[in-house]
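Okay, so here's the structure we're looking at.
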Amino acid sequence: MNKGRLEAFSDGVIAIIITIMVLELKVQQGEDLEALHPVWPAFLSYVLSFVYVGIYWSNHHHLFHAVKQVSGPILWANLHLLFWMSLIPFVTAWMGENHFAPWPVALYGGVMLMAGFAYYILAHVLVAFHGKDSVLAKALGRDFKTILSLALYTTAIPLAFVKNWIACGLYVLVAVMWLVPDRRIEKALSEKSTS
Amino acid sequence: MNKGRLEAFSDGVIAIIITIMVLELKVQQGEDLEALHPVWPAFLSYVLSFVYVGIYWSNHHHLFHAVKQVSGPILWANLHLLFWMSLIPFVTAWMGENHFAPWPVALYGGVMLMAGFAYYILAHVLVAFHGKDSVLAKALGRDFKTILSLALYTTAIPLAFVKNWIACGLYVLVAVMWLVPDRRIEKALSEKSTS
Amino acid sequence: MNKGRLEAFSDGVIAIIITIMVLELKVQQGEDLEALHPVWPAFLSYVLSFVYVGIYWSNHHHLFHAVKQVSGPILWANLHLLFWMSLIPFVTAWMGENHFAPWPVALYGGVMLMAGFAYYILAHVLVAFHGKDSVLAKALGRDFKTILSLALYTTAIPLAFVKNWIACGLYVLVAVMWLVPDRRIEKALSEKSTS
Amino acid sequence: MNKGRLEAFSDGVIAIIITIMVLELKVQQGEDLEALHPVWPAFLSYVLSFVYVGIYWSNHHHLFHAVKQVSGPILWANLHLLFWMSLIPFVTAWMGENHFAPWPVALYGGVMLMAGFAYYILAHVLVAFHGKDSVLAKALGRDFKTILSLALYTTAIPLAFVKNWIACGLYVLVAVMWLVPDRRIEKALSEKSTS
C-alpha cells in the first residue's frame, strides 16, 4: 500500500480543522471597534491553535517524507492522531469563550497531551514497520522534543488551577520550541545521500 | 478513465464528514467541569461515528487499491455511498443530543444499514467491471463481513425499541469487527505477486 | 500550466459544497419520529442538490479528462462555475425551509441556470484553447444536453409561480437526463485510439 | 522536500475558506423576495471576497508553478499567508452584516493588507531559496503589482472613515487589477524554453 491517499486524507482533515476554528470567531452585533472587544480571547486562542495545527501538519509532512509504505496499523495510528486533533476546535472555542479559565485551559492541555502522545505512537509504529536500521528510525533518534512536549503539557495541566497564565505560557513555549523546524529527518536523509 | 480523481474527491468528502461532526459538540456556557457534563452523550456518539467513518475510509482505500479503471456506474455507486455517509453527522448529532433514545438509535442504525448496503453495491459494481477472474473479485470473495454487518444492523434497529443499549452494543460490535484490518485484498495481491 | 491543481482545487470546493449542505438538516428537539417531520422538505431539497452537485462533479471529471493544458482564462471560467455552485447550499436551505414556496423554487432555478451557463462557458473556453479540431471539441459536439438544461431551467422559473411542483418536476427531469452518463467524450477518445 | 503536499494542503485550506463564507449568507425566515432583502450586503461582501480568494489561489498556483523544492521557512511563510486568509470569512461576515460601516470596512482592508504582505514575504522567501538568477526570481522582477496593492490597501483603510464607498472602491480596483492574469512567470518560463 502506498502512502499517497493517507497523506491526502490527512491533509484534508488537517486543512478542515485549521479552517473551521475561525467559525468560532462569532461576528458581533455592532459596527464599531467595541464590538470586537469580546472577540480578543477567542482570537488569541485561535492564533495558538493555528500555530499548533500548523506544527502538526509540518511535522507530519517531515515524518511521512521518509516513509515508503503504509500498513493497516499505520492507517489507524494516523486516524488516532487525527481524532485528538479534531477535538482542538472544540477546546479552542471553550478556552477562548471563557477567557482562559482554569478548567478550559486544563482541558486544552489534556487534548494537546493526547495528540502529542498519538503522534509519538504513530512515529513508533512507523519505525517498527520500517525497521530499526531504517533512515526513518535513525532520523527520529530518541525523539527528545516529543517527550519534552508531553512533559510540559503534563506540568501545565495542574498549574492551570494555580495560575492560568503559567499553563498558557507553557503551551506557548512548546509551540515556540517546535517552530524551530525539525531538521533531524532532513539531515539523516542528506547524510545518507552523501555517504 | 483513471481512478485518481474519484479517490481524491472521496477523500475530500470523507475528510469533511469526519471533521464537521465535531461542530455538533456545542461549547457550553460556564467555565467549570459541570459545563462539560451535558456534552458526554454527544462525545460518545462522536467517537462511535469517528471510528465508523475511519473504517469506511480505510476499507475504501483497500478496495480501490486493487482497482485499475473506473466507469460511469462506478462513479455513481461511489456517490451513492458518499450520500449515505453524508447523513452520519446528522444522525450522530440527533442520537447524542437525545441521550441514545430509541428512535434516534434506530435511525442511526438505518443510515448505517444503507451505507453498508451502498458499500456492498459499490464492491459488486467494481467486481462486475473488472471481471470475475480479477484480483479484486478473488480478494473480495464471498464478502462475509459486509453481509454480517448488514444482518447486525437489521437486528439492532428493532432492538433499539426494546433496550437501547443492546442496539448500541451491536453497533460497537460491528465497529470492533471491522477494526481488525481487512487483509483479504492485500493477501490476494501478495499471492499473485509471489505466484 | 498543467491541470493537476485546478482539478484538485475543484474537487476540494465541490466536496465541501456537497457536504456542508447536510449542516442545514437541523437536529430537532425531541426524540421521537415526529421531531423528524419538519425535516422532510429540507431532506428532499438536500437529495435533489446532492444529485445535482454529483452530476457537476461527474461532468467536470469527464470534461477535464480530455484537457491537456490550462490557461488563465480557463482558471477563471472554472472559478466562475464554482462561484455559482457555491450558492447551491444557500438556495437549497431556503427552498427546503419554506416547503418549496414559489420564490425559493424560482431562485433555486436561477442559481441552477447560472451554474449551467457557467459550465457552458467553461466548455467553450476549453474548446477555444485546444482548437476546433481537438478531441475535446469533437467530443462536445453541439452540446445538446447543456442547452436543453438551460431551456428547461428558463421554463421552470416562471412556472414556479403557477404551480411549484411543475418547476420542481422540471428540475428532477434535468437531473434524470444527466444521470445517464455522458459517453460522448469517452466515445470520441476511444474512436481516436482505435483509428 | 517536494512541493506536492504544500500545494495540496494550501488547495484544501483555500477551498474551505472560499466555501465556508457562504455559510454566513443566513437563510431568512419568510418565503418571498423581501426575505432576501437583508442578505444583499452580505452577498456583495461575499462576491468581493470570493474574487479575492480566487485571485490568491490563482497567484499561488502561478507562483509555485516555477518552484522546484520547498524548505522549512517556505512551509511557514505559506502557513503565515494561510493564517491571514483564514480571517477573510470573519471580516467578510462582519462587513456584510453591518452594511459596509467604517470600522468593518477598515478591518477588512487591514486583513487584506496583512494577507498581501504575507504573500510578498512568501514570494521573497521562495526567491531567496531558489537564488537570484533563478527563473522564479526573474519572473517576479520588481513585483510592482503586489507593492501597489499594499499601497492601495494602506490608502483605503483611513479613507473608510471618510467615505466608506471610496475604500470599497479601492478594494474593487485592486481586485480588477489582479483579474488581469499574471503573465510574468509564464513569459519568463517560455522565454527560457525558447532560448
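All chains are identified by letter, namely A, B, C and D, in their written order; residue positions are counted from 1 within each chain.
One rule holds for everything that comes next: a contact is a pair of C-beta atoms (placed from the backbone, for glycine too) under 8 Å apart; a residue touches a chain by one contact, two chains touch by 3 or more.
Note that the structure is a prediction, hence the values are computed from the model and not measured.
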Which chain has its C-alpha centroid at the greatest distance from the C-alpha centroid of chain C? A
Any idea if chain A and chain D meet via the same residues, over half in common, or different ones? different
What rotation angle, rounded to the nearest 5 degrees, superposes the C-alpha atoms of chain B onto those of its identical copy chain C? 90
Taking each chain's mean CA coordinate, chain C and chain D are separated, in whole Å, by 26
Distance from chain C to chain A - Cα centre to Cα centre, in angstrom: 37
Using the touch definition from the top, which residues of chain B touch two or more other chains? 8, 12, 15-16, 20, 23
Chain B residues touching chain A in their complex are 7-8, 11-12, 14-16, 18-20, 22-23, 25, 27-28, 30-33, 35-36, 47, 50, 54, 57-58, 61-62, 65, 179, 181-183, 186
Would you tell me which residues of chain C are touching chain D in their complex? 1, 5-6, 8-9, 12-13, 15-17, 20, 23-24, 72-73, 75-76, 79, 82-83, 86-87, 89-90, 93-94, 97-98, 101-104, 107
